[in-house]
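The same chain A turns up in both complexes below, where it pairs with chain B and then with chain C.
Take a look at the complex of A and B:
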């Protein structure tokens, strides 16, 4: 799969949390060839049901979720000089925004190019230099006078970051919104791989909405689908320059979540499968909530056994999120093999018994 | 006063006068139940203390309109030997928000709120706040209140013309709007949609009443009615475009929900059809019942219509009666589409 051109298309598609319709469309189109149906729901989740094989109707329903929405900004006020004030949609970080290029999505018109400025170093005092910018200090300049900005940019206008992909050496890529469209790509490739397998399970891939504002799409889609097993796919904190910390994973390993939200038998199954498939993994130990869709899948209805697989990304929530495309392929291979293994285990034990074992 | 603001003020006064801190909504619930009884087809309460009334439409959608009837306040955590009450906050506010005010318990007991003197510039915390019942012993205090009892700032309304000021405009102003809406719909008979009017409980402690009401009622659409902050007072932070008296708002986003696009556009279209001035609202903190409704079951389209309110979560919350009357018109029009 040509991940680079896929991501080029996907990260340019509009999909701020709560306004995912643009990216939903391109994602839905991509899944169509491997699916019986691709639909969207009230919260704009994309639900792609993998082509079902004969006999699979008695198998478990396994859902995989990766979120399609992206962090960004929303306008709150236009100042008298035309400067646009804004707030965050999801976890946009005011420390990293100065110097950013943005798109201001004025309603019913082409997006306006804008920049978020910063005071030149010449004008800073010694005390200023020690401080980080706060959201209240920042503004967007689109180059228009007040009257025109006020008319074209009403309160609540969405603003997306402008950070087209840059291909780096060693099959690495830097771009906005690798979180989490990278993992939607993982799902797409897994769908392709699984379409060639006689799989005794029903599978739904969900490109979930509103993850960045509290995993809201996962909550409603997990409820509606009522699955037997859930797998969340999200980016993990990748190792970055000059940071030598065991909590960060190297970019060439697929991350496997282990922790209280995640079902131990599923985590074990993933680790075992990775060994068999020779996929290099790093374990991500998460003591409490995972801050991914896994949390809301696990707590859905009567509880859903849930797993978490990820791709490490450095510089998360900046316009230069950095990851390895080789790892995307490895994660997809692992996901496909894991889903197949879950399905076979379900068939062998005639249900979920293998997930409900007492310790020996 | 004109255009229905007089009737609105009377309704507002009636719902402001009754205490109902989160979890202790029984008095305000029965007050509102009495007020709306003539205008609705069904009326009931549930395990969380929500008051739920149904006004049947002539077909169309089942729309849940949710205005929370609970209010922020204090809960008694301890009574000392001299009879002073230690308190904690129910809902979100800081230690100094109600210092110097009279609070009222559900049984009518009143007390004065004060705070221990600051020591060496130390930050003050909620455990520095106490309530003085005017008694001189623990036994005397315990004859009036118990640990776990709740108290709110005592009712006091100042009518400034179109603008009125009182504690608990959050969210009784919206309760008044919902009551006036039920009246209006019942008299003009023009509504097509069925209204599920929820006077919700425990909003201030995490949208708890709306969570269960929405799951039980499973409406086609949910609209929260709440107050929102304004950006029109001296040096207010964060800056925002909403102004008091410039019309009700259609919420775009807050920290609990991003309004479903179809609901947002439906409300804006209704405002335009009804000739109601409206404002687009982005609130960078807080949330409304819409956040709970939207995430119910497999997802329910949801939004919020807000009343601009200065000084939210203070004893001097200020709203405009005209904004309230316009909010009734906006929602009545939305229900016809």
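Take a look at the complex of A and C:
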């Protein structure tokens, strides 16, 4: 799969949390060839049901989710000189904004190109240099007079970060919004791989909405689908700089979540499958909630056994999120093998018993 | 399509100048472009020992006038790599660490892409979120796996610029890195196109301004002109509810004429003559009010005994960042005032040279 071209299209598609129609459309189109149906629900979740093999109707329903929405900004006020004040949608990092280009999504028109202002060093005091800008000090400059800005940019206008993918060494890529379209790409490739397998399970892939503002799309789509097993796919903190820290995973390992929210049998199954498939993994130990869609899948209805797989990304929540495309392929290979193994295990044990045998 | 006094050809030239690399001390790419552009305009061209391009259109017996713009830009010098392949660097010229977080760079002649690493917001401490890092603690990531690979691809000593292609935006504006001072180079190239000037014109495309006005000093000592004008891209600081006493220049209000800055106080007769000339030709101008920065005029003024100098600037917002902006009408005004003043200089002879 040509992940670079795919991501180039996907990261350009509009998808700030809550305004995800643009990215929903391109993702839905991509899943179509491998699916019986692809639908978009009220919250703009894309639900892609994998082509079902004969006999699979008695198998479990396994859902995989990766979120399609992205962080960004929202306008709050236009100053009398045309400078636009803003707030954040999701956890955009204010330290990275000064001197950046953005797109201001003015209504009924092409987005306006904008620049986030910053003082030149010539005017800085020694104290200025020591502190990062605060959100309140920043503004967007769209190079237009006040009247035009006020007319075209009402309060609440969405602003996306500017950052097309750039290819780095060793098949790595830096781009905005690898969180989490990279994992949607993992699902797409897994769908392709699974379409060649006689799979005794029903599978739905969900490109979920509004994860960055509280995992809302996962909540409603997990409820609606009522799955037997859930797998969340989200980016993990990738190793960067000279630091050697357990919080970060090397970019060349597929991340596997181990922790309170995640079902131990599923985590074990994933680790075993990785060994069989010779996929290099890094374990991400998560003591409480995961801050991913896994939390809301697990808590859906009567509780859903849930797993977490992902791809490590460095510089998270910046326009230069950095990851290895080789790891994307490995994660897809692992995801497909894991879903197949879950399906077989379900068939062998004639149901979900293996997931309900808790140790004394 | 022509915009705000610039033709399509002008905008194409401006974009070409802005796209070339030229970190102080590594100005080869912009230098060779400027040499060709000067030759195409019929100037006699030389490159001096520091690397400045000196383009002359001689006229014997006339006043020897130097127009100066610097060709270098702020950027980064690669100094090595850590064991894990992350590049260490030093800033060349004044670059605020607050504007480089998560920015993209192009390294070396082959424009190898890299990015500034940022500890993610999820893991950054309160202290890291509010206090800036020093350059020595920041790294550029090119995706290399180890030190050897990183240093093979980016040998210590090569330079990097922000990855920020010029683009028109807004109401006749341009956004790019290096507007400081490719807008000045643009005015000088336009001056070299003028015919029948009453002056002996030399345009100095100076190196190493950003690290201490070095190229201009050497060139002025060689040329010993009768007067000089430095063309700059200077700070604006005019947007975002800025108190009036903090504003330096105003974008969209024409060329800025300086009274003084950190490197020189302009010649009063020359400054007034420039303002009068602008008014006579209906060229929009305003005074630069802030005194920030310093530029080549300071070097030219005192290079070999005192000479009258002035500074004409294009107001640029967010200079020394990846994305500075300028108004095309201001770029046109700087160019037009240069031309008008060169033709009119005999009128002001007594006031400039006595």
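FYI, the second predicted complex is superposed on the first by the 358 of 360 C-alpha atoms of A that agree within 3 Å, B and C clash if a C-alpha of one lies under 4 Å from a C-alpha of the other, contacts with A are read in each partner's own complex, and residues count from 1 in each chain.
Heads up, the rule we're going with is that contacts are C-beta pairs under 8 Å (C-beta built on N, C-alpha and C of every residue); 3 or more make two chains touch, one makes a residue touch a chain.
Owing to the predicted nature of the structure, the values given are computational and were not obtained by experimental measurement.
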{"item": "Combined model on chain A: chain C and chain B, fit or clash", "value": "fit"}
{"item": "Which superposed partner A:354 touches (first chain B, second chain C, both, neither)", "value": "neither"}
{"item": "Touched partner set for A:133, first chain B, second chain C, both or neither", "value": "second"}
{"item": "Which of chain B and chain C A:289 touches, first, second, both or neither", "value": "neither"}
{"item": "Which of chain B and chain C A:221 touches, first, second, both or neither", "value": "first"}
{"item": "Partner chain in contact with A:142 - chain B first, chain C second, else both or neither", "value": "second"}
{"item": "Partner, of chain C and chain B, that touches more residues belonging to chain A", "value": "C"}
{"item": "After the two structures are overlaid on chain A, angle v-u-w for chain B, chain A, chain C in degrees (C-alpha centres, nearest 10)", "value": "100"}
{"item": "Which of chain B and chain C A:213 touches, first, second, both or neither", "value": "first"}
{"item": "Minimal inter-chain CA distance - chain C and chain B, angstrom", "value": "12"}
{"item": "Of chain C, residues touching chain A in the complex", "value": "82-84, 86, 94-104, 113-123, 129-132, 139, 141-145, 149, 153, 163-164, 167, 169-173, 175, 235, 237-241, 246, 248, 290, 292-293, 317-323, 325, 327"}
{"item": "Parts of chain A lying in touch with chain C, wherever the complex brings them together", "value": "79-83, 91, 93, 95-96, 98-101, 112-115, 117-124, 129-133, 139, 141-145, 148, 163, 166-170, 172, 174, 237, 239-242, 247, 291, 314-320, 322"}
{"item": "Chain B to chain A touching residues, read off their complex", "value": "231, 237-242, 252-253, 255, 258-261, 279-282, 284, 294-301"}
{"item": "Footprint of chain B on chain A - complex, ascending", "value": "17-19, 21, 41-43, 45, 74-78, 85, 87, 89, 135-136, 154-156, 210, 213, 216-217, 219-221, 223-224"}
